């Protein structure tokens, strides 16, 4: 009996599902962290739409200053934009990589390694570590992503 | 005979295809709406590249004011950025969710519910309803997305 | 024997893998091009985080001017944002299109045509060709994307 590649009991595909869902939850949590910083930490600063200055249940004391940028909010938005430049492509590249039927251990190292590199990138960026720390973590993730992308491309040509 | 999970005649996968393609068309239409507002409503305002001030067939009367921000154009761009923070992850999470073989009715409620929440979010944002209306609609979609993501993650661990 | 649709030896799926991985590599290279322009061409201009002004191995001579926008860096970022608005949706739409079992030649024309339109869009944008040239190339890609999205939606309804 051959196991379906998209079966959750297939260890290779399970590796993909774990890495992919953790990364999606990471991106979603950036949105919630932005909301939390806007509403709580910055008391509404970082709003971007003019209508957000209307008095509502969630914004009982509107203030024109709320439309000003706030570094605490902008920092999370920069992290999220960095996610948008990377994670959607990881989600597809890692899926195609799994379809090349790689060794399980290698797949685990690459996919979980990518997840760890992005979580550490978040930690370094959120805590304002130096550019070099952040750049190193981003580079590790980006190189894994290049490998995950090039491997299925080569596999199509029998390499 | 077992039906292939990726068969368009499989009701579960058909649900995914309908929800996914509607969401992709929604994002594409934001690009076209931006173009329409830039070219027609705002007479070129909202351009972002310096070379867009050259005289061309599409821009017969260039004006430096065209590089200024325009709220009608920026509003659509904010909506589209919100899409980019959400919809690519829905497309993958909903696909993985379908692979867990959920009850058809539940899948339809969640996936079509997500689509409706995003269309209403667009309507509320485009017509400048209050922040609370927009936030409520975004929250419904985000919670559905969390569920679609957590479910396959748990399924891998047999939960 | 029926060939698995997700088999890399299936010419239709191979077409998808080639187009998808080329597009992912294109997006990744925008990140690296941004890094290269920030570090080399603009000597650090275009940085966005306050902590990037700390003295480090990669930035031995920090200067407040590094946080200013730089057109060489911003141009690549605009191109990359345009990618984010298009390519993640191509990756999913083209996958669903392949599942409709289209004629191979048509699939190759559409998918490789999309890839070529995005590479030419990059060339036109990076070299600051007129808005009309860039807009024409973007439009070709966008129309292909609409077709790739609408086809599987119609296929679900037997059209």
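A, B and C are the chain letters, set down in written order, and residue numbers restart from 1 in every chain.
Heads up, the rule we're going with is that a contact is a pair of C-beta atoms (placed from the backbone, for glycine too) under 8 Å apart; a residue touches a chain by one contact, two chains touch by 3 or more.
Because the structure is predicted, anything quoted here is derived from the model rather than measured.
J.: Does the subunit B and subunit C pair touch with the same residues on each side or with different residues, judged by whether over half of the numbers are shared?
T.: different
J.: To test your reading of the model: what rotation angle superimposes subunit A on subunit B by C-alpha positions, in degrees to the nearest 5?
T.: 120
J.: When the C-alpha atoms of subunit B and subunit C are each averaged to a single point, how far apart are the two points in Å?
T.: Using C-alpha averages as centres, the distance is 18 Å.
J.: Any chance you could list the residues of subunit C touching two or more other chains?
T.: Residue numbers touching two or more other chains: 6, 84, 88, 92.
J.: Considering the complex alone, what residue numbers of subunit C touch subunit B?
T.: 5-6, 71, 75, 78, 84-86, 88-89, 92-93, 96, 99-100, 125, 128-132, 134-135, 142, 145-146, 149-150, 152-153, 155-156
J.: Could you please specify the touching residues of subunit A with respect to subunit B in the complex?
T.: Against subunit B, subunit A makes touches at 4, 6, 8, 14, 17-18, 20-22, 24-25, 27-28, 30-32, 35, 47-52, 54, 56-59, 80, 84, 87-88, 91-92.
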